[in-house]
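Dropping the structure in here first, questions after.
A, B, C, D and E are the chain letters, set down in written order, and residue numbers restart from 1 in every chain.
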Amino acid sequence: MKKIIFGIAFIIFFSFLIVSAINMRQFGEPIFSEMDDYFIENAQSETGANNVVTSIVFDYRGFDTLGEATVLFAAAVGIIALFRRVTK
Amino acid sequence: MIGNFPYIAAIIFIGLGIYTLMFKKNLIKIAIGVVLIQNGVNLFLITLGYIKGAVAPIYTYAPSGQIMVLPTPQALTLTSIVIGIATTALILSIAMMIYKHYGTLDTDQVRRLRG
Amino acid sequence: MNLSNHIPILIIAIPLLAAFLVPLIGRINKKATGILTTLALSVSLILTIILAVKILTVGPQVYVFGAQSPALTLPSGLKFPIRIMFQIDAMGIFMGLITAVVSFSGAVYSLTFMEQHSGLDKYYSLLLLLTVGMFSMEFTGDIFNFFVFLEVASIAAVALISFRGVDLGEPAEAGFKYMVVSSISALMVLFAVGIFYGQYDLLNFAAIASVVKYSQLDKIALGLLVPVLAMKAGAVPMHMWTPDAYSEAPAPISMILVAASQASLYALFRVTFSLYNITLNTLAVGWIIIIFGLLSMFIGVTMAIIQKDIKRLMAYHAISQTGYMFLGVGVGLAVLANPVALSQYGITAMEGGIFHIMNHAMYKGLLFLTAGALFFRTGTKDLNKMGGLAHSMKYTTIFFIIGAAAIAGLPPFNGFASKLLIYESVYRFNPLLSIIAMVVSILTLASFVKVFHSAFLGPKLPQFREVKEVPKSMVWAMAILSCIIIFFGLFPDLIVKNLVHPAVMALIEQFKYTGTVLGGI
Amino acid sequence: MLGLLETGSGFWSAIIWVIVVLIIGGIVYYIRNKGEESYKKNTEQDKPFISGNPELSKEGSHISANHIYWGFTEALKDYYTPLVKTHTGNINDYSSWIIVITVIILIMVGVNG
Amino acid sequence: MKQMSRIVRTVTNLIYGFIIIFGFYVILHGHLTPGGGFQGGAIVASAFALLLISYGALNTEKLLKKDLLSILESGGLTMFIGTAFLGLGITFFYNFLANSGSWFGDAAVIGINPGNMNTGGVIPLMNIAVGLEVLSALGVIVLVMASGAEFTKKKENS
């Protein structure tokens, strides 16, 4: 009984996601791209890096990168704490 | 419609992951489901950045006179991939701990906390 | 360089730097880690208070990372921001104050509570990371950055919940469950980010809010964001992870997890009020949130009455108190499109809900700390095994009475003030809701009478002969929260007028939120 | 006045409440003092009168948490039994409930949103 | 886990140094070519994983010290956030070295160019810091999980 309800819910959820994929703009033809055009034009002159992706990762969105490094650090610390030797 | 097939492929990844989370009874399989959802969402993000016939947004020895794909989704996907690695590692090690203490990975037995 | 412009980032960066340094220092001296943690959190608490004064007097603050100047949101000739920015208005700093106070007292409490555990440097590092994640979730103005720090908070919280998983099974199980549900929520948030990016090529809350059209895709994004954020806040029927996580975590972490779930609640309000304001069908979404509130209140409290584990009982009460916030703010959202009703009772209801967030963080934190004190001395969380502890733990008893009276809404404590605001305003929206809320409050009192009787009253049991009062730092941590509770209870008007009302206005007036970034006010 | 909270349709002031409680407490204390004078401590006047039965030991008289509100839970049994059964600590159910609620909200928002 | 056959170990001895060198190349050229701190760090960590599966956890722990790796991890992150702090004269994460003429301060040739190592401002520094952090974090994760597996197995046998 419960399984049937969950199955129906899953199917409806999946169809909603498919609807979102169909309503999304055409693949490969972005409508708005001001932000990315700005990056592609000015990244070299502002940050001096040839690799636009790296200049976004470390300069324009540097705080995200800090958070991402923090996530990795948190996971490593958590795993070390999880497998620590217990010395009461 | 058919032009949006890449999005639908990403959505199918997400759906498979959700199905695994809902109906699979093994903790390792549940971790695999989480990874599937992550890959689907990353695929969705990276697909949003593509432009037909464009090259990678890197100026070093780039082919001249070509437009470049949108760089932001690549940065976002890089971030979320690393986050996914961290999440997966933590889930798997906690599953190892559960196996050490419970001696099983079946979700029907790993439910001492209920009620 | 003028540091006063950099306060918003210093609040985040100082605990973050301390979190990176704590494992190094732990190799030299174990004791120093706790001291360093407390120091860093006290610094960020002071900076948060300074920033709060600045925001409530001057206005919303913006901090752009890596720009020419901290307030330069729009580079030359652009109509939208391109860099990550912190955008802190009255609502954000309201949540920031809660986070700062709760995490500081949690660190003080941990100084002696966690003494006999191993791996303390990891514990303090994760505690700081959890605090940093909550702060950034509340301050950020960038939707992808919100996702990143949601994950930071989730992973730190999971590692802390399963911290005792080395020698016990249940903490690992609770950590696994919390990890799975929080990954689902974070990934759904990321999918919504993808939807917004694909439509508008924007990642900034305010910029999206200025162009959002409530198309089919926006509806799907809303329908993905609301339930997952409500789930992180512990709304019934997606609340099952809450008792597991809260009851298995160490007591200070349970207290901080309450604040972490409220950060997700804040994000839910931010999405509904600031992202799509009146573009969405406010009545439908408002009723969704109200129904969440009713279910959470009633099922939470009725499940709490039959619990045997003291921390599980308090966790179910956390769910039922979250229901009050959903109710108050949901009523405000339901009448958002109707200025008359909004000015008559909508704003009051939202004031009650928002004020209840802070009250709940304070007294539920205090109650979790008292439960931790009982566990610290008796070594059990089972109410059947306790009894007669009031003879030997005087301070803890007093603090527990204060917390229980506050959560049950007894005057003159702070719970009464916010619940009164909710009752009177919700009654004018729909009398039935208000009556249910009062019944839930009565049941809350009943279940805490049960806890008080079975844990504190009664004769001094033989197995607790040598039980004595908990050490100083734990008493101090509990005393801080009790003083805040009593102050809020005696002078609720100060808080409502100076903190809560600006926060509510910051939620309602969307044009100010967007105008802070895009100009135009 | 300080401590006066306007609630839209009335006001609430904890200060006044505390003052009133103090006044009433004083009155109660006064009345209590006018009570029976012939009471003496540590006499049989202290002993509870349980219809002649001997007073049972203190440890035995402690009621543990299981027995509190037994009648309440017993009366609401047909409400509690399914509710507790719903709380299976099974992680599949946790994620499935999230999906179910997400679907309901998507339908509500999509239909009349 | 047990150590694998002689063939695998010989091939590992041959190539894992090259993998590590390639990882550091990817880290250092992050601002010019595809890649960066995260990718390069992941490549180096994959070399550690290769060592692990071919030699077994207990032997690998003799080569790679967990304490050293975790110190490296904290150090890399501290260097990263410190580089961000140095920009605090203007704003947090301000790229104060770009086009300044000092280290990594050359202005990049606008448009398509062969690339100059000495550009990018703080980006190369952050690449190095993040690279150190990622390689040590992933290495620690892999090592600790492997030794934890040994630990749990011992638990079952006893």
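Following the convention adopted for this analysis, a contact is a pair of C-beta atoms (placed from the backbone, for glycine too) under 8 Å apart; a residue touches a chain by one contact, two chains touch by 3 or more.
Since we're looking at a predicted model, the values are computed, not measured.
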Interface with more contacting C-beta pairs, comparing B-E to C-D: C-D
From subunit D, the most remote chain by mean C-alpha position: E
Chain closest to the middle [Cα centroid of all protein chains]: C
Centroid spacing, where centroids are CA-atom means, of subunit A and subunit E in whole angstrom: 21
Averaged-CA centre spacing for the pair subunit D and subunit A, given as whole angstrom: 46
Centre-of-Cα separation between subunit E and subunit C, whole angstrom: 36
Centre-to-centre distance between subunit E and subunit D (centres being mean Cα positions), rounded to whole Å: 57
Contacts with 2+ other chains: residues of subunit C: 16, 20, 23, 65-66, 144, 148, 151, 155, 158-159, 162, 165-166, 172-173, 176-177, 180, 184, 198, 201, 203, 216, 220, 223, 244
Where subunit B touches two or more other chains, by residue: 14, 18, 21-23, 27, 30, 48, 58-60, 70, 72, 76, 78-79, 82-83, 85-87, 89-90, 93-94, 97, 110-113
Residues within subunit D bordering two or more other chains: 84, 87, 89, 91, 93, 95-96, 99, 102, 106, 110
Chains touching one another, given as label pairs in label order: A-B, A-C, A-D, A-E, B-C, B-D, B-E, C-D, C-E
Footprint of subunit A on subunit C - complex, ascending: 16, 19-20, 23, 65-66, 78-80, 82-84, 116, 118-119, 122-123, 125-126, 129, 132, 136, 144-145, 148-149, 151-152, 155-156, 158-160, 162-163, 165-167, 172, 195, 198-203, 215-217, 220, 223
Interface residues, subunit B side, partner subunit A - complex: 1, 3-8, 10-11, 14-15, 18-19, 22-23, 47-52, 57-60, 68, 70-72, 74-76, 78-79, 82-83, 85-87, 89-90, 93-94, 97
Residue ranges of subunit C in contact with subunit D within the complex: 173, 176-177, 180-181, 184-185, 188, 214, 216, 219-220, 222-224, 226-228, 230-231, 237-238, 240-241, 244, 280-281, 284-285, 288, 299, 302-303, 305-306, 308, 344-345, 348, 383-384, 386-388, 411-412, 416-417, 420-421, 424-425, 428, 446, 450-451, 453-454, 458-459, 461-462, 489-494, 496
Partner subunit E, residues of subunit A touching it in the complex: 44-51, 53-55, 57-59, 62-63, 65-66, 68-70, 72-73, 75-76, 79-80, 82-83
Residue numbers on subunit A that touch subunit C, as the complex places them: 16, 19-20, 23-25, 30-36, 38-39, 59-64, 66-68, 70-71, 73-75, 77-88
